[in-house]
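Shown below is the structure under consideration.
So that you can tell them apart, the chains are marked A, B, C and D in the order they are listed, and the count of residues begins at 1 in each.
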Amino acid sequence: MAMRIIRRQLPIAITFLTGMIFLSEWFVTGTVLTSFTTGLSNFVQSVHVFVFAFAAINLTIVHVGRIRRQLRAERRDLTEMLLSGYLLVLMYLVGLVGAYYGHVRMKIPSAVPEYLWWFNNWELPCEATAYAGTLFFVLAAMYRVFKIRSRETAVLVISGIIAMLGTTPLIASSWQGFFQLGEWLDRTIVTAANRAIMIGIGIGTILMGIRTLLAMETGYLGAKEE
Amino acid sequence: MKISFVDTLGLWIAAILTIGITSIAFKETLFSRWSERSYLATATAVSIAWFPTNLDRYILKRISPGGVWTPIGPTGGYIFVVFAVLVGLMAYGRYSRKYFWLYRYMLSLGVGTGVGVAMRGAIGANFIDQIKATFLNLLVPGDVYTSFNNIVMWVTVLSCLSYFIFTIKTIEHPTARMVSLLGRYLLMIAFGVSFGIANPTRINQYAGRIVFLLQEWLKLQA
Amino acid sequence: MNLAIGEQLLQVQQAFAKGKAFDLIILVAVWLLALYFMRFRKREIWIRRLPALDFIEECAGRAAEMARPLMYNIGGGGPEDVNAPATVASLSVLGYVARLTARHGVELIAPMRVQASIPMAQEVIRTAYAMEGKSDVYETKMEEMLIWAPQQSNQVALIQRTKPAVSIMIGPFWHESVQLAEISQRLGAVQIGGTNRLVQIPFFAAVCDMCLIGEEVFVVGAYLSRSTPMLGSLAAEDWFKVMAMFFGILGTALATMGPVFVKPFMDLFVW
Amino acid sequence: MVEKPEVEEKTIWHKLEDLPVSSLFLLVILSMCLTTLYPLGLPVPITKMSKDTFDAVNTLPQGSYIWIYNGYGSGTLAVHEPGLIVILRHAIQKGFKIILFSDSGPIMLFPRVLDAIKPDLERAKYVYGKDWVYLYIPGGEPVWATVFLDVWSVVMVEKDGIPFEKLPLMVEIKERGSTYKSMHIVYCQTAGSDVVDAFVRQVNVRYQAVTGVRLIFQILELMVPPARPYYEAGNTQGIMNGGLGAGEYETLLGRPGGGLKVTDLLSLAQLITIAYWAVGNVGFMMRRRITEQKRRD
């Protein structure tokens, strides 16, 4: 019973209390509650210093596990093993170089040329390309999925193509029709539809929040173990 | 301008990684797997590199905010920091079979904050402000265009809202069904326009990579 | 120092205490109505069908038939940001899906983007398998089930490698939505998508076979559990949408009559 | 396996519907390369939204305080970097005091921006710490809320660890009282719509009535439709529409840069996409017609 309280009831109570404090602070700004929420958000920030380091530890556990499984397996996938090892070595090399020079020498990693070299030539192109690479998936979806299958998809596809034609400078600079039609759709129907979805999401969030605070949705704690 | 060997090496690595990550969209190969792992490694390395700086600024400096030793306050204090460190360390409880429930304390603090912040935003910005924005003048004197636009917007908001009704049985009525069907079609138009705009967005972003490859790496000028 | 902050806060309070009274009234009203429907409404509550959720069971069967895995993605929202409600909602679907995969003997893959979500998902899956009496399966397969894939390219690569028969994505998603949906579509997977994030809904609507739009994401927990209190909270939600529509009609009528008429009504909203 | 019905049915329409997507990818990349090397130089039509954004900055008097949240990562570099550079150039030209603040990611990307604006800084004789400053502030909405109330209570040092006491600009802000009194315009660059909501709440809803603070954004093109309700309702004074918007701003300021460069690449790539879409749809419809005819026979 005592264990149950410590393991389950107390976390639920904490959720309820923090949620209610943040919610009440919105209405009575500037009382003792505000300094409480400020303190709490500073606290969460301090806690996050540790969660920040979580990523590296997690990755290490996952990949060391993978390498060990490969070592035990009958048919070894050598490339997989090498790739995992490569990942770990690269991560710690870059991370520790950055941490050492960054903290000991300059107090901030972004001021260290050695670390900036890594960042600019490894991290930056990777992230920029991965993010921009969404282009290829949008293109593929345009070609493969954007088909007039039914009346509903016809509406979706045709308005999409109008919007696209409107944002093509080559067309917009010679004939403004698509540009204006796209702009009109954007200003009326799209704005209004988004408004309706926003109202729905708003009320849905409130009710979902109430259910969470009242411990009806406890998915985040895992299911009951007793 | 003198370009050192290290800079050239960096340029080549950046270019190879750019091509490698792009190739993921085409097909899975050894090259794409290598670039994916490199990405994961360097992205995680950032968290290691910033750890001492963050530790110094958000834990050590907060023990005595402003150089004064205070037990607890909104910006720090030693009791405050001890608690923060304890809760932060609880997150690691999940690696233990016996003490896995420890992580729940950190999580419940997080979920409480998240839900509270989400709810307070939802009432004002999402619910009330948007209802207020639907108060439209449907018959603007002497301005047919604006009146028409307002009527379109008003019909769209109401019919789309009716599409989101779940438990009131009246929506099964044929007339109500027509309205919510209209709402669905209008939603589809909105989605179509949003999807269409995604294409230029992504082309713009990829353009940065193309400019890098051609002008910085291959040194081709327009 | 502290006193100075206190003084400043007092000034802020004097300046901003206005404008939130109506918010508070609405919140209290929602809360009370929800409590009423949860506690005292004994009559059974009807709920309209959500085809996307009914489709999940069929999907699990399909994955079993094809002997290919089922992928469930809970999205990239952390438990401590504003997307917490959607993440919590998504976890309840994960529980349902995990029970189905345990029952049909389908391999479940759940890529995780946020580290803080991993322990939550782990717990949910563990209990689901235990409820179906398949704890042993969970113990041996756990590492292949929960895969930490923090970047979008890791998730895409994971889909390319495992070739799932079904891909379910419910929760908060960012730009990766279209990447994940398109690549699984290209590899022939059946897909169910759903997100609370306005910007990403169109991609799921266009690419996925079934789609949950906006608010429908928050309904899933209640829809799948079918318990009266949960459905009751949905009824409360609906009445507030009806109220929003009523306000919309009333406000527009007043606005059409003239700015003099709508002014008092507008003032109520910023009270 | 003797009959192979699928293979027999394969017509030209099947092929049109099922062209390899890599061909589309390659064509689009090729077209983008071509337009980079041989720019079309098409003019960008100026929308009202971009004009409003420009005016929001342009109409402020000299010596105003501009707060810039450059919350972008490497992913949206191509769009947000021109947006930051052009705003900084404009602010320096107008003689504003500049306070930049961000998380760790953008700090790493800042040296690139600094290289670009160095001539402007030197020409205007801007001194770091006196005329502009860069703060490292990790955290989300609750933290920003406190920053706008009292920045001194959240951080005590700027990004390189120089204490605020040694920075005349930060001392000046402290002397002016609560931080929001030293905020005339806030420029927020982001790729997350949650951040847009947060800034509207924390800057516009809280302080506009008191200090008349202006709020402008640079967000991605696809985030503009959901954010437009805020613009129409006056919650934000302007939105820079991604790369297109940066291009328009550069045109308005008369300083062409990265924004116009990326916008120029749109035309050809989009037309190729639309052509592929049309081909795919024709193939799909013709195939469907044939299938239906066969079923009727």
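In this text, a contact is a pair of C-beta atoms (placed from the backbone, for glycine too) under 8 Å apart; a residue touches a chain by one contact, two chains touch by 3 or more.
None of these values were measured; they are calculated from a predicted model.
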Can you give the shortest number of steps from chain C to chain D, where adjacent chains in the path must touch? 1
Report the chain ID whose CA centroid sits closest to the centroid of the full protein CA set. B
Indicate the whole-number Å distance between the mean C-alpha point of chain A and the mean C-alpha point of chain B. 5
Distance between chain B and chain D based on Cα centroids, please, to the nearest Å. 14
Centroid of chain A to centroid of chain D, CA atoms only: how many Å? 18
Which chain B residues sit where two or more other chains touch them? 21, 24-26, 33, 35, 39-40, 43-44, 46, 50, 54, 58, 66, 73-75, 91, 107, 109-111, 113, 115, 117-119, 121, 123-125, 127, 130-131, 133-134, 154, 157-158, 161, 164, 187-188, 190-195, 197-200, 203, 205-206, 208-209
Going by the touch rule set out above, which residues of chain C reach two or more other chains? 1, 5, 9, 11-12, 16, 20, 23, 27, 79-85, 88, 116, 118-120, 122, 150-151, 153, 175, 178, 186, 198-199, 201, 203, 205-206, 213-215, 219, 234, 237, 241, 244
Contacts with 2+ other chains: residues of chain D: 21, 25, 28, 75-78, 104, 136, 138, 141-142, 153-154, 197-198, 221-222, 224-226, 229, 232, 244, 263, 266, 270, 273
So that we know how the chains sit together, what is the shape of their touch graph: line, ring, star, complete or other? complete
Residue ranges of chain D in contact with chain B within the complex: 22, 25, 28-29, 32-33, 36-39, 75-79, 81, 104-105, 136, 138, 141-142, 153-157, 197-198, 200-201, 205, 220-222, 224-226, 229, 232-233, 242-244, 258, 261-263, 265-266, 269-270, 273
Listed in rising order, chain D residues that touch chain A in their complex are 19, 21, 24-25, 28, 40, 42-45, 47, 73-78, 104, 107-112, 136, 138-139, 142-143, 146, 153-154, 159-161, 221, 224-226, 228-229, 232, 244, 263-264, 266-268, 270-271, 273-274, 276-277, 280-281, 284-285
How about chain B: which of its residues touch chain A in the complex? 6, 9-11, 13-15, 17-18, 21-22, 24-26, 30, 33-35, 37-56, 58-59, 62, 72-76, 80-81, 83-85, 87-89, 91-92, 95, 101, 104-113, 115-120, 122-123, 125-127, 130-131, 133-134, 149, 152-154, 156-158, 160-161, 163-164, 183-200, 202-203, 205-206, 208-209, 212
Residues of chain A touching chain C in the complex: 23, 26-31, 34-35, 44, 51, 54-55, 58-59, 62, 65, 69, 130-131, 133-134, 137-138, 140-141, 144-146, 156, 160, 194, 197-201, 203-212, 216-217, 219-225
Using the touch definition up top, name the residues of chain C that touch chain D in the complex. 1, 5, 8-9, 11-12, 15-16, 81-83, 174-175, 186, 197-199
